[in-house]
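Two complexes come next, and they have one chain in common, chain A, joined by chain B in the first and chain C in the second.
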Partner chain A sequence: MATIIHITLKGIFRDRVFQGIMVLAVLFLFIPSAASLSMRQMTELTTTLSLSLISFIMLLLAVFLGATSIWKDIERRYTFSVLSLPISRTTYLWGRFFGIALFMLMTTVFLGAMALIAIKAATFGYPPSRPVVWSTIIVTILFDALKYILVVAVAMLLATVSTSFFLPVFGAISVFLAGTATQPVYDYLQTPSVQAAVSVIVRKAAETLYYLLPNLSGFDLKVHAIYSIPFNVQGLILTSIYFAGYTLIILSIGSFLFAWREMK
Partner chain B sequence: MNAIEISGLCKQFKGKRRTCVDALKNLDLQIEAGEVFGFLGPNGAGKSTTIKLVMGLLRPTSGTAIIMGVDSTLAESRRKVGFLPENPAFYDYLSAEEYVAFVGSQFKMDTALLKRRSDEVIKQLDLWEARKRPMRSYSKGMIQRVGLAQALVHDPDVYILDEPMSGLDPIGRALVKDIILDLKKRGKCVFFSTHITDDVEKVCDRVGVIVKGSLVAIDRVENILRSGLEGYLVHLQLSDADAGTFAGLQAVRRTGTVSEFYVPSSVFNAFMGAVNTSGKEVVLVETKRRDLEDFFLSLVTSSAQESR
Partner chain C sequence: MSVLQRPVTALLVGLLAYGVVLGPFTAYMKQKPIEEKFGYLPSINVLRYVSVDHKELVGASLVMKVIMYFGGVAEKQQANVIVQPPDYARMSGILHGAVQLDPYNMDAYYFAQSFLTWEVKQYQMANNLLDYGMKYRTWDWMLPFFAGFNSAYFLKDYKQAAEYFKRAGEINGNELNISLAGRYMQASGQTELAIAYLGAMEKSERNQAVKKNYQIRLKAFNEVRRIELARDRYKNTEGVLPVTLDTLVRSGLLSPPPSDPYGGQFFLEPDGKVATTSKFTFAGAGNVSTPKVSK
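Take a look at the complex of A and B:
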């Protein structure tokens, strides 16, 4: 599997994806200047904009790398040569996933460092009313990365069954949007007033989707980073377990489906 | 133990409007270790489908394929196989050297051995100058050579090559034939598909002909060539007075003092007896036979007529 991870990383770097990220990272230079327009909450706004930029870049990476890696290998007939080597399709799929996940983590480190520099620069311009807790920002960025790695897994699952580019790309975007909304919708449906107003069928359908789709709300810790609010450690552990469990299930289903796929 | 053992292998593809297409019908085939087997068939006959089934890229509708005693649905069955797919494509951001090293590592080759073998096969396939360039800059023929290099690098016991001469120039084709002959000499099993009969005639021990998903013939190449023997062209040194006829046969051509007689195999012994008795000088005896292409075409034609 290590060699699959290695060539996946090589492919991403040689396709100049990282250079593209570095170009986008130039935007970090403008964040403190943009945040200075807020006058009073410059650090908070810098943190918000930095974390949002990281999220945006990571979403693009997750969708396009996750959705296209398997699809491209099939489309360009690389699978005929790779899958005829003595490696199982499961190893291939997991290798591809870990390669992309590793790249996402490397990108996170790079973008995270840029964000920390931007936030530090902002604190010089206008001292924040609350102290900046760097560890909180780092953990927030890390959990953001986990969220997008989970989206990669979803995109790869869709790519294992799809013959076109559209299902994995648009499917992953849809799952991301729905996954971000499931928790607020579920909480809303649990309120007594709504329970009385909404039919049981709608509530059951929402509940099913809540358990079926990835719940991405738990990974969003931006409020903690922006306002230096301490984490609920137990919540973080649960989210980490959820990430590992959900990714394992998604990729296991993907492996099963991919093993049955015919390479015509 | 047979190197490749195919039993009752069938493959149906779902067509449009719930129709089924029989791409392969009940194929039984045993290929011995050390044998070079040519799998001959027209386009769309089922050659590549068979190979993809053997390599585990497709799932059989029924039947089994076993490579060196291991079921082909298992990844382990491919451990002793060097495979060249039809019109191969490899990660084009890698160089030939990197790709061959990647393949070798999948076969758990020792690093030093892999480096040595990689250099050997890259040189053998005339890729040395281009070995460090990304494959996206390679021509079709060069990609085909990379395909052969990656199939050879781990020196497996079984080679499965899908149209190995495709996309190669005459020099490349000659090189591939030499490689196959060398593998034969070293006791390796080579199973290759082609629709070019000349390739089979020159390098194969046995040939199987597949038409419309069915194996219609399987025999040793020498048997086919022998059974196709029709007669001989005997060149005799004759004076002008005897030039026209000899032993009741008309000369088909006269060049200088040499006359050529077409002698059907049924009267060859009698003809040569007459030559001996007369004391005439035999300049040359050529065999006249149906070649493999004629054999192949007759099978394809008769199969097409039967299906009408």
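Take a look at the complex of A and C:
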């Protein structure tokens, strides 16, 4: 598997993805000056903009790397040569996943460092109303990375059954959008007024989707980082276990589907 | 050569068209009414789902949109350009929406406080918004400080003001809030305290349009204070309240004559209270509906 991870990483760097990220990271330089428009919370706004920029870049990476990796291999017929090696399809799939996940983590470290520099620069301009808690920001960025690694897993699952990149790309984006909305929708449906107005079938359908789709709201800790609000440590542990469990399920299903897939 | 001829021609035509249109297009965008620039915004319930994991960013963008809109109108008003007064109802609605996306956004509360009270006189709405913010920004003494000021100065609810100031004092450990509360509760010397409040706000303000707004209001209240002092001196010497400001000016107690930076005329009400025809606004206050913040 280490070979596949190595090949995956090498391929991503060869495609100059990292150079693209570095170009986008130039935007971090402009964040403190954009945040100076704020009346009272320049540092908070810098943190908001930095975290959102990281999220945006990571989403693009997750969708395109996750969705195109396997599809590209099949399209270029690389899979035939790879799968003729003494490795299983599962090892190939998981190797690809861990390669992309590793790249996502490397990108997170790079973008995270840029964000911390931008936030530090902002604190010189106008002191925040509360002291910046750097560890909170780092944990927030890490959980953001986990969220997008989960999206990579979803995109790869879709790629195992798809013959084009449309399904994995648009499917991953749809799952991401739905995954961030399931918790607010679920909370909304639990309110007494809605329970009286909405039929049981609709509520049950929504509840099923709530448990079926990845709950990405749990990974969004931005508000803690921006306003230095302490974490619920138990919640973080539960979210980490949720990430591991959900990713394992997705990859396992992906492995089954990929093993059964007919290669022509 | 012929291979490059077409793209080069297309590029030249494109550059020519761009060069021709750039000036008029920029002028057109610059002249566009502020109300048009404010544009359409979807309902907050839609934005809540569309903004996915960028709720804080969308919340901050909404606040920025309102601040920039207000800055544009205020600068024109301050330059004596006749413009429609700011659409306070819309501004209030957007800020109420922004805090539903990010209930911690300080700019939203701070800016809403600055215009909901002085400009549109929706004191209770301002305090409801501040109450909502206090549930989240539990470390922030400014929100109860604002609410205390509104309760004492505008709503004359001294009991409630005392509670807010006490809370502010408990958060920042500063006796200033408590002493302010005590002075407010005497229901006297309100102009002096308003000057102190506005002075503190103006000093810490970074946004130039809002800062200028505070400066103008401060100037107006300093004039009010000057008239009040002259009025009190007149009453001490003559034993009766002056009927008009002219009396004070002629007696030499009020020199130079007061000037309202909002363009109005100061006058004395029958009970001696100082008032102005401008009501301390450039164009008079608009009406604001009462948006609610969901719990």
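We take it that the second predicted complex is superposed on the first by the 263 of 264 C-alpha atoms of A that agree within 3 Å, B and C clash if a C-alpha of one lies under 4 Å from a C-alpha of the other, contacts with A are read in each partner's own complex, and residues count from 1 in each chain.
Everything that follows uses one rule, which is that contacts are C-beta pairs under 8 Å (C-beta built on N, C-alpha and C of every residue); 3 or more make two chains touch, one makes a residue touch a chain.
What you are looking at is a predicted structure, and each value in this text was computed from that prediction instead of being measured.
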**OP:** Could you tell me whether chain B and chain C fit or clash when both sit on chain A in the superposition?
**Re:** fit
**OP:** Determine, under the contact definition given at the top, whether A:L49 touches first (chain B), second (chain C), both, or neither.
**Re:** second
**OP:** Using the superposed model, determine the angle chain B, chain A, chain C defined by their C-alpha centres, to the nearest 10 degrees.
**Re:** 150
Original post:
So, does A:A25 touch the first partner chain B, the second partner chain C, both, or neither?
Top reply: neither
Original post:
So, A:R40: does it touch chain B (first), chain C (second), both, or neither?
Top reply: second
Original post:
Of the two partner chains, chain B (first) and chain C (second), which one does A:T180 touch, if any: first, second, both, or neither?
Top reply: second
**OP:** Identify which of chain B and chain C touches the larger number of residues of chain A.
**Re:** C
Original post:
A:L93 contacts which: chain B (first), chain C (second), both, neither?
Top reply: neither
**OP:** Go through the superposed model and pick first if A:D220 touches only chain B, second if only chain C, both, or neither.
**Re:** second
Original post:
Thinking of the overlay built on chain A, is A:R76 touched by chain B (first), by chain C (second), by both, or by neither?
Top reply: first
**OP:** For the combined overlay, can you note the least CA distance between chain B and chain C, rounded to whole Å?
**Re:** 26
Subject >> Doubly contacted residues of chain A, that is, touched by chain B and again by chain C >> reply: none
Original post:
Can you list the chain B residues touching chain A in their complex?
Top reply: 13, 52, 55-59, 75-79, 81, 83, 85, 87-94, 98, 102-103, 105-107, 134, 147, 150
Original post:
For the complex, which residues does chain A have touching chain B?
Top reply: 3, 7, 10-11, 14-15, 76-81, 83-88, 91, 260, 262-264
Subject >> Contact footprint of chain C on chain A as seen in their complex >> reply: 36-42, 44-45, 48-49, 51-52, 55-56, 126, 129-130, 147, 176-177, 180-181, 184-185, 216-217, 219-220, 222-223, 226-227, 229
Original post:
Tell me, which parts of chain C touch chain A in their complex?
Top reply: 48-49, 52-57, 60, 64, 67-68, 102, 104-107, 110-111, 137, 139-140, 205-207, 210
